[in-house]
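Heads up, there are several structures right after this.
Below, chain A partners chain B and then partners chain C, in two separate complexes.
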Partner chain A sequence: MTKNKPKLHFSRKLLAIPYGLFLAFFVVVPLLIIIYYAFTDDAGKFSLDYVKYFFSENGDSFWDFFTSSNFRTIMRSLFISLASTAICLLIAYPVAYIIAKSKLKNKSMLLLLFIVPMWVNFVLRINALKELLQFIGIYNRSNGWNIFNTILGMVYDFLPFMILPIYTTIIKIDNSYLEAAKDLGATGARAFTKITLPLSKAGIMSGVSMVFLPSMTNYVVSNYLTYSNVKIVGKLIDDYFMGDLWHDGSFIALVLLLFMFLVTWLTGGFKADEITETRGTSLW
Partner chain B sequence: MKKKFSAALGICLLLCSSSFTACNLPGLGSFNENVLRVASWDEYIDMGGEVYADEDAEDFIAWYYETFGIELNENTKPLYEEFVDWYHREYKDKEGYKEDFEKVEYVALQDNETMYNKIKMGDQYDLLCPSEYMAIKLKNEGRLQAYSADFFEKSNPLNYYAQNLSPYVDSVLSNPNVGLKEYLAGYMWGTTGFVFNPDKIGKTKEESREIMSSWHCMTTSECARKITAKDNARDSYFMGLGMYYEETLLALDKNATNYASELARLMNDTTPQTVNGVRECLRDMRENIYGLETDEAKTDMIMGWLDASYQWSGDAVFILDEAESESNLELEYSIPSSASNIWFDGWVMMDGADEHISTAFINFLSLPQNVVRNMYYIGYTSCMAGNEVYQYADYSYGDENGDAEYSLSYFFGEEYAPLTVSSNQLRRQLFAQYPDEETTKRLVVMKPFEHEDNERVNRMWINIK
Partner chain C sequence: MVKFKSLLKWAFIVLALFFIYAPILFLTVNSFNESDMIQSGWKGFSMDHYRYFFDFDNEPIRVVLQTIALALIVALLSTILGTIGAIGIFYSKKKVNGTLSALNRIPVINAEVVTAISFALFISFFGLDKNTYIPLIVGQMIMCTPFVLLSVMPKLRQMDNNLYEAALDLGATPSKALFSVIIPQILPGIIAGFLLAITLSLDDYVITAYTKPDSFKTISTHIYGLSKNNLTGPTIKAAYWAFTAIIFFLIVIAVVCANVVSYKKTRSKK
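The block that comes next holds the complex of A and B.
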């Protein structure tokens, strides 16, 4: 029976087809649509009118940008993202390190404790957090508290995304490096800064981009936790689309995209020469 | 390679998340011969089942059985499913009967704008239930199909819609200014106004009522950080117009022949100069209020965490009911004394729809027993009048020992006697469901903004909020 079955000849290239199609339909095409809307008017002609509106409400001056609400929204998002990422990193690194280095047999159980919250729908979690903030009495109390609550929500939401990649890199660091360092007289702290930290850089970078980028756009958190009093870039785009201003919305989406490209590039996301260094320690 | 892959994946995820959250694009559908495709914003048809298993429903179920002789329980099917049997029973042997008609596909969309975006992307439905402004917009873009004269013919025994439509709603819908006469079959209607706690705004209840009868309550110190506005450009702009034009509106002569048209003109004004004036009003409002919301304020009002909120009347009724039962709060509903909004949600046929089945469906929904079921389930006020609907209002709000009379003859017809109710209902649920005739005179239909005005208003609002 089996002998008669025609043999399937797979080349490795063929295996890339599904992903190629996925890439084309869900990345390239939408991107082209966004670019198209950003630089055309309703008649479908090339136009920079909507680019102007990005810089000021009336579209008459580029210099008004620095006093415009779009600028304030972008700066606010940037601040929230940076703060959330920094706090996530400060919390996640020690946690990942401790779990990775723990002598416990069931480390994965420890890790699980941090991952389990991810299994609960995040809108539910954010709603629960809202109730908690209301109970404590800092919910929508002032603008300062609102920013604080947004950052808190982002950290709460994205912390596992920071812990996981760092944990995976640390656990894969060859212990003999550390032993060698100790043999050569390095203190624990020195061994950490000279070996563990540099070798876990890939995890940090990955974690940073996993937290920084979504926290620019995840407006569910800012909306729920501040009674829509804190507006971030993601919400801005949504507002434009809901207001039937697709061209404005597309241009901001494009700006955001370029921005994210920049961040990915800066965190080394596109570097090919790191392959050897991170082989076996890559994640996701 | 792996790095590249993860970078590409990262960007891809971001793209997906930003584009999907921004415009929400599930699969598109198209017309189907034996299926009636129906969409509304929000869940807008009685879904049966659980709602009738609830203890709170017992009283209603008993009244319903007494009135219609029909039993409701947890096995009651959604109305749109019941339609199929009804259709085959009632329309058999009638002209145009479709033997192969199978089912109704019903979709509840998030809001009018989502509905519009889906249609713009090519989604097709036989029947849509947008709000009036979206219906006008769709009509102006040539996406709708008019009902034939037969549908409005009262003499046809199956035309329940034509027979039961309230004379008041009919007069508003027939207004050539609105321009929806042959295109829209009214479904639910209501006003916008303020739900508030009279004990928490001013020093006395009277003072609170006084404050809440003006659009300027949004900017007064009494309401500072106690009140919410709606997170959308239309409602906020309307509110801004109310503040901007309040003195002008109050100075109008209510008995003048051009009062209605003047009211409509002012409350639909989108000239650049007015937009600039409204911007200042809304900016003051934005600094004064507790926040913008789409749905959250309902819970907050019910729990007593919030003291006032700008709401649609249907939601106001829900809030008033729940606040009373959950938190023992006696909230009130007010409609600003200068002018306010009257809104409609109604059935329109998309161009290319199956008119026969579509109109049969609307007639089915207009049967008194179904009107009442929908009103109970949704909590909004139906555009349908008729004896049983009047009885339902009496059942809901009537009070034999009441100290006030409330006339609804403008809505149901001259032959209907005033309801005897307790006087607090004149400021509460009954007033929210059926405003009195005097109030209806200052209600304005808010038309969709013309293209350029829409951009101007939306940009202004997005920049302020």
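The block that comes next holds the complex of A and C.
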């Protein structure tokens, strides 16, 4: 280390300033504004009114919350998102497993076939699905198929995000583990549950975190496929803001924000790198 | 038994592929249908939807082009900001590095609608004018830049740091060393980040809807808006079937090309 080095390193560090400021202004400040609106009234004074409205829009008892439309929306979203995540997993895991374990020379090409539809604009894709459902006859104004269509749309939209991370973890599993298990007398099923499944847990987790939250909030899918008859949490926030009810909307956004932190924490910390990797792989 | 098992496996793959491709294929076929109402069935082969789509007097082609223009601007700005940020953060102290990396992940993991409304509140809080397009561009940059940073970071970690030091020892100025040593080494990450930013911008609905000037339309907001008004809807919608089919054909061509290239590569290795 010569004497002039520290100064040079200092100059490279300075490059962090523009983006640091960008993040502070356009990510941190907006979140602070949400917190501000969630806990103030129209006069700008501290108020818990909107927190109360959220929990009891009709009555004044806390227990009314469990019969309110907000509660029903949250439960509906949770159901849609749990079902979509589960179905994605049930389709994605076998697909990823079969491709990863196949004897094909060009596995990545087959994988690519599952990813490339993401290049089509997502509203165009959902529109395509809607036209097909309409043709089949299950997209109509009677409400029977609404929840089904919403879940189908979410699965259709998010499936690649589940397939890719699972595939990358399965393909990395060292084959000698499985050979060892076989030599020691384990059946194929036992080797799968004791080796492959635990070792691909990381992929499952990042897949789940990439599907779960978006399918609670992506109201474009639920609106488009159900004549706007299925309301999910994302739409609830949108409705409040479109109706200029900023305080109510901010509180729910805040709840959703905390929920997001909880989910990412439960699924094993921040998965941002995998999300980038998954989206990046879709471009080769 | 083994044969039956493998048959079952491939049947599953084919079914899954069918699920993914059926809607797009269905739309592609109907893009050649004379009718613009799918329910009325096949009314004969026609290129009308394509003709309508490529006519500059009509909205769809203009919307597509301005969506692409917006995506290029957003991706370019995000790539510059994200690359500079990545280099800066990479060489920062642990504390700064950790804080900024954590902040960078918020827009990636956050629900898009929360990012969108928080920025929409920011816009009205500070009285920004949406008609300047600045809120739209900044809003999409909030969504895109973190991905650029996350694409560039791994390349910085893999980079051989000694080369930069060597360049300085040989008399290069820090900025010269930055442009002729660091940037070329992380270029694949920068390009990947740029492409990623383009696709994110092209795809976006929620943030765009909250930040765009009222009269401005992107592909996403245009189609989404059509579902609400059924007067001019059908013709324009059918034009977008043609556009979907065009993208689908381009994808098929790209995949075939990639296949040929990788086939040739494996053959030349032998």
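One rule holds in what follows: the second predicted complex is superposed on the first by the 234 of 284 C-alpha atoms of A that agree within 3 Å, B and C clash if a C-alpha of one lies under 4 Å from a C-alpha of the other, contacts with A are read in each partner's own complex, and residues count from 1 in each chain.
One rule holds in what follows: contacts are C-beta pairs under 8 Å (C-beta built on N, C-alpha and C of every residue); 3 or more make two chains touch, one makes a residue touch a chain.
Note that the coordinates shown come from a computational prediction; the quantities given were computed from them, not determined experimentally.
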item	value
Partner chain in contact with A:Pro214 - chain B first, chain C second, else both or neither	both
Partner chain in contact with A:Ile237 - chain B first, chain C second, else both or neither	both
Partner chain in contact with A:Ala128 - chain B first, chain C second, else both or neither	second
First (chain B), second (chain C), both or neither touched by A:Lys105	second
Greater residue coverage of chain A in the superposed arrangement, chain B or chain C	C
Partner chain in contact with A:Ser11 - chain B first, chain C second, else both or neither	second
Chain B versus chain C as contact partner of A:Leu113, first or second or both or neither	second
Which superposed partner A:Gly20 touches (first chain B, second chain C, both, neither)	second
Chain B versus chain C as contact partner of A:Met260, first or second or both or neither	both
First, second, both or neither for A:Ser206, with chain B first and chain C second	first
Residues of chain A contacting chain B in one complex and chain C in the other	23, 26-27, 30-31, 34, 134, 209, 213-214, 217, 219, 234, 237-238, 241, 249, 253, 256-257, 260, 264, 270-272, 275, 282-284
Touch list for chain A against partner chain B, complex	23, 26-27, 30-31, 34, 42, 53, 57, 68-70, 134, 140, 206, 209-210, 213-214, 217, 219, 226-229, 231, 234, 236-245, 248-249, 253, 256-257, 260-261, 264, 269-272, 274-275, 278, 282-284
Chain C contact footprint on chain A (complex, rising order)	5, 8-9, 11-20, 22-24, 26-31, 33-34, 37, 91, 94-95, 98-99, 105-106, 109-110, 112-114, 116-125, 127-129, 131-132, 134-135, 156, 159, 209, 213-214, 216-220, 224, 234, 237-238, 241, 246, 249-250, 253, 256-257, 260, 264, 270-273, 275-276, 279-280, 282-284
Complex contact set, residues of chain B against chain A	1-4, 6-12, 14-19, 21-23, 113, 116-117, 228, 231-233, 290-293, 296, 305, 451, 454-455, 458-465
Touching residues on chain C, where the partner in the complex is chain A	9-10, 12-13, 16-17, 19-24, 26-27, 30, 38-39, 81-82, 84-85, 87-89, 91-93, 96, 100, 102-115, 117-122, 125, 138, 141-142, 145-147, 149-151, 154, 168, 174, 178, 192, 195-196, 199-200, 202-203, 205-206, 210, 219-220, 223-224, 227, 237, 240-241, 243-244, 247-248, 251, 254-255, 258-259, 262-263, 266
